[in-house]
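Two complexes come next, and they have one chain in common, subunit A, joined by subunit B in the first and subunit C in the second.
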Partner chain A sequence: MRNRAQATTAFQGGIRGYEPTVDPISSIFPPQTRVRVGVPRSKWIIDLKDRFDEITSLPRGWDGYDGRPVTFNTAQFAANLIERLFIAGVPTPNVVPGTDGTVQIEWHRNQYDIELDVLGPYEIVAFRRDQRTGDEQELELQTDFTALVGWIDGLSAEQQQEARSM
Partner chain B sequence: MQRPHDLPDFSNPPLDEVVLGVQFAPVPKYSSVASREVWGLFKNAFPIVEEHLLLSPQFETFGGANPLPDLSSFLEQPPVGTRLWFLSQDLNHLIQFQPDRFITNWRRTANPLPYPRFETIADSFEKNLLLLAEHFKAAFNYQVEINQAEVTYINLIPVGEFAEAGRWFSICNSGSGDVEAIRNNFVQVVTDGGGKPYARFVTEIESVFLLPARKKAFKMSLAFKGKPEASDIPSAIEFLRDGRERIVKQFCDITTAEAHESWGRRA
Partner chain C sequence: MAPYDENQIDADDLVIRRINPQQHVVWDENRGCRRISSKVFSPSSGRNDGMSVDIEQLMLSDGVDPRHYVTTPVFMGSVAFSAGAARALGLLVGYDPIPKNPYHGEVWGGCRPNRFSRRQKKGLTEASRWYVELDGVDIV
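The block that comes next holds the complex of A and B.
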């Protein structure tokens, strides 16, 4: 709740002189007393929080060449994407920084690969490969990730199949 | 910008604040020392400066199992910097600037004056945004690429008792008992002609106490936010214009005829 309020006070910080009865953070707090508090919701984000802090703190040239750190905005967008796609029971993806400041979100499981290349906010190249059938699919996405839900479900199905065969 | 002739109009709307804003890719190599030049663009009309915390980036995305993820501040190390407020002398007009945001607010509460109307605020916002874009181009060789826009209307409706909600809102009926507090929020996904989602419409109604006398009121916020069709300024302005029309229609849809009469509905 606190996070949501902070997100909206951007546009409400100028309002003065009223006091909400239910959520005092949404309006009455003076801006200088607001505190940044992270409230990660899914297991994936909890697992990846340190990783995100790490990839946004990389020094320039972190790869031994001219590698750039992941920008705050790109990291936030990638985290938003991960949180949106979360399905309980599906393993946490790997998050890999690109040398050009991009972020790759990857699942590799039972010969089934999903790679989401976050080039920046609203710039995603998504790739899926089923090594057993040879099926491949690539999508360029901006705001709507509905198509990816089926892909992630595929990982979940793989997991169920694996569990049944054990 | 011309007001659409078929848009409902009120002589005395309960409007307390109107906010227009855009978010863009951060200006490369921008640092705080450059902020004085940015203020210089607006200093004549906005001579008062305040510093505030940076706003986290916001992204309206769709699809997936979690309908409303919000991780606006989950990283330990947010960017260094401040958000600057440039205020007009009467405090009614405000520009908010940070390296990836440009926002303008009109506020009634600072100094009660007639509402200048959306067209005036939007024209001023566009003019100032163009000024900023020209400065970025000249100083940083940077072309503004807008990735998010938002228009918000915030209304304050003074009431005797919160149980009066049904008199003002057609979507609220709090019954006959003594009502201590009300909160009614809902979010709608807005799609284009092809059914593709591109924006969210957030409606929030809550009971509040007006300070300093702690008089009861309802606060109704109507926000339209999302990614404009293209990253240029005309597309952002078109997005805001579209959002404003949706807000006015939503305002009429969720408030009662009795309320419209008290606010002087003209069309």
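The block that comes next holds the complex of A and C.
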């Protein structure tokens, strides 16, 4: 389990620990597909294991139109991102499939809305709204995900208590 | 299909977007409710892809009950917004009939057909009303 101090160093110099070509994250066991993080450590990934299996196994047309399941590469990258962003005390995110094989990771907590739209490996549109101030930030991220660590830290119960005491 | 704006779709005509309750609904602790994810209001990523919708007026003209038609499969909910509201956000609304759905249309981004801005997503959410409501789920 990673604590907050450790988490603030994640992703500096790229995504340490993300090995898309050799990490056996995904494999196919018809009719179900499985997304696997090499050595899952965080509660989030454990909580989301079945969810990732579900969104990569969606039938064509799952959205009432021509929706496709989330692609393996995108799901694999999203799962690794979630694993690397884990901070104890922050609830497991919602994971929402897109029509086109993409996936969105989102939290709505502690007066923040955070949405990470994973369009593919190393292709993220990240959005945060602070409901207290109305401030909105949108970032297109490819290799440096450092900013996200601070965003997720803002969702923690500790930060919630600090905000309440101010 | 190349993005275009269909002049036979009037500003008041309703554009319907189907909602899958198992996939599109998230828990929002800030608001203390289950609600539709903003991901619902996203186009597909192909170069000329838009967001799939159903055009209500086409169904009405054919004597088809739109609420029955878009509730297929039966677990689907749906929201609707006016074509005028989408255009006011800089989006294009056009027909794109397909073999499985002759009432299928698309909503395209203005500058980038396959990408909606945050303002456009937020605007579509605010303009949307339930068409086939999902119990216990908010739109915003």
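Here are a few things to note about the model shown:
The criterion applied here is as follows: the second predicted complex is superposed on the first by the 117 of 166 C-alpha atoms of A that agree within 3 Å, B and C clash if a C-alpha of one lies under 4 Å from a C-alpha of the other, contacts with A are read in each partner's own complex, and residues count from 1 in each chain.
Basically, contacts are C-beta pairs under 8 Å (C-beta built on N, C-alpha and C of every residue); 3 or more make two chains touch, one makes a residue touch a chain.
Keep in mind it's a predicted model, so treat the numbers as computed, not measured.
Of the two partner chains, subunit C is the only one that A:H108 touches; subunit B does not reach it.
When the two complexes are overlaid on their common chain A, residue A:G154 makes contact with neither subunit B nor subunit C.
In the superposition on chain A, contact of A:E136 is made with subunit C only, not with subunit B. Once chain A of one complex is fitted onto chain A of the other, the partner contacts of A:L119 are limited to subunit C, with no touch recorded for subunit B.
When the two structures are aligned on the shared chain, A:F145 is found in touch with subunit B, with no touch to subunit C. Using the contact criterion defined above for the overlaid structures, shared-chain residue A:F127 touches subunit C, although it does not reach subunit B. Residue contacts after overlaying the shared chain place A:G64 against subunit C, while subunit B stays out of touching range. Set against each other, subunit B and subunit C differ in how many residues of subunit A they touch, and the higher count belongs to B. Of the two partner chains placed by the overlay, only subunit B lies in contact with A:F72; subunit C stays clear of it.
No residue of subunit A touches both subunit B in one complex and subunit C in the other. Listing the residues of subunit C that touch subunit A in their complex gives 18, 20, 23-24, 26-31, 37-39, 42, 44-46, 49, 51-52, 70, 72-73, 76, 78, 98, 101, 104, 118. On subunit A, the positions that touch subunit B within their shared complex are 3-4, 6-8, 10-23, 27, 31-32, 34, 36-42, 45, 49, 52-53, 56-57, 71-73, 75-77, 79-81, 83-87, 120-122, 142-149.
Residues 55, 58, 62-66, 91, 94, 96-102, 104, 106, 108-113, 115, 117, 119, 127, 131, 136, 138 of subunit A are the ones that touch subunit C when the two sit in their complex.
Of all residues in subunit B, only 16-17, 19, 21, 25-26, 52-53, 55-66, 69-79, 94, 96, 100-101, 103, 105, 107, 109-110, 147, 150, 152, 154, 156, 180-181, 183, 196-198, 202, 206-212, 214, 217, 219, 221, 223, 226-227 touch subunit A in the complex they form.
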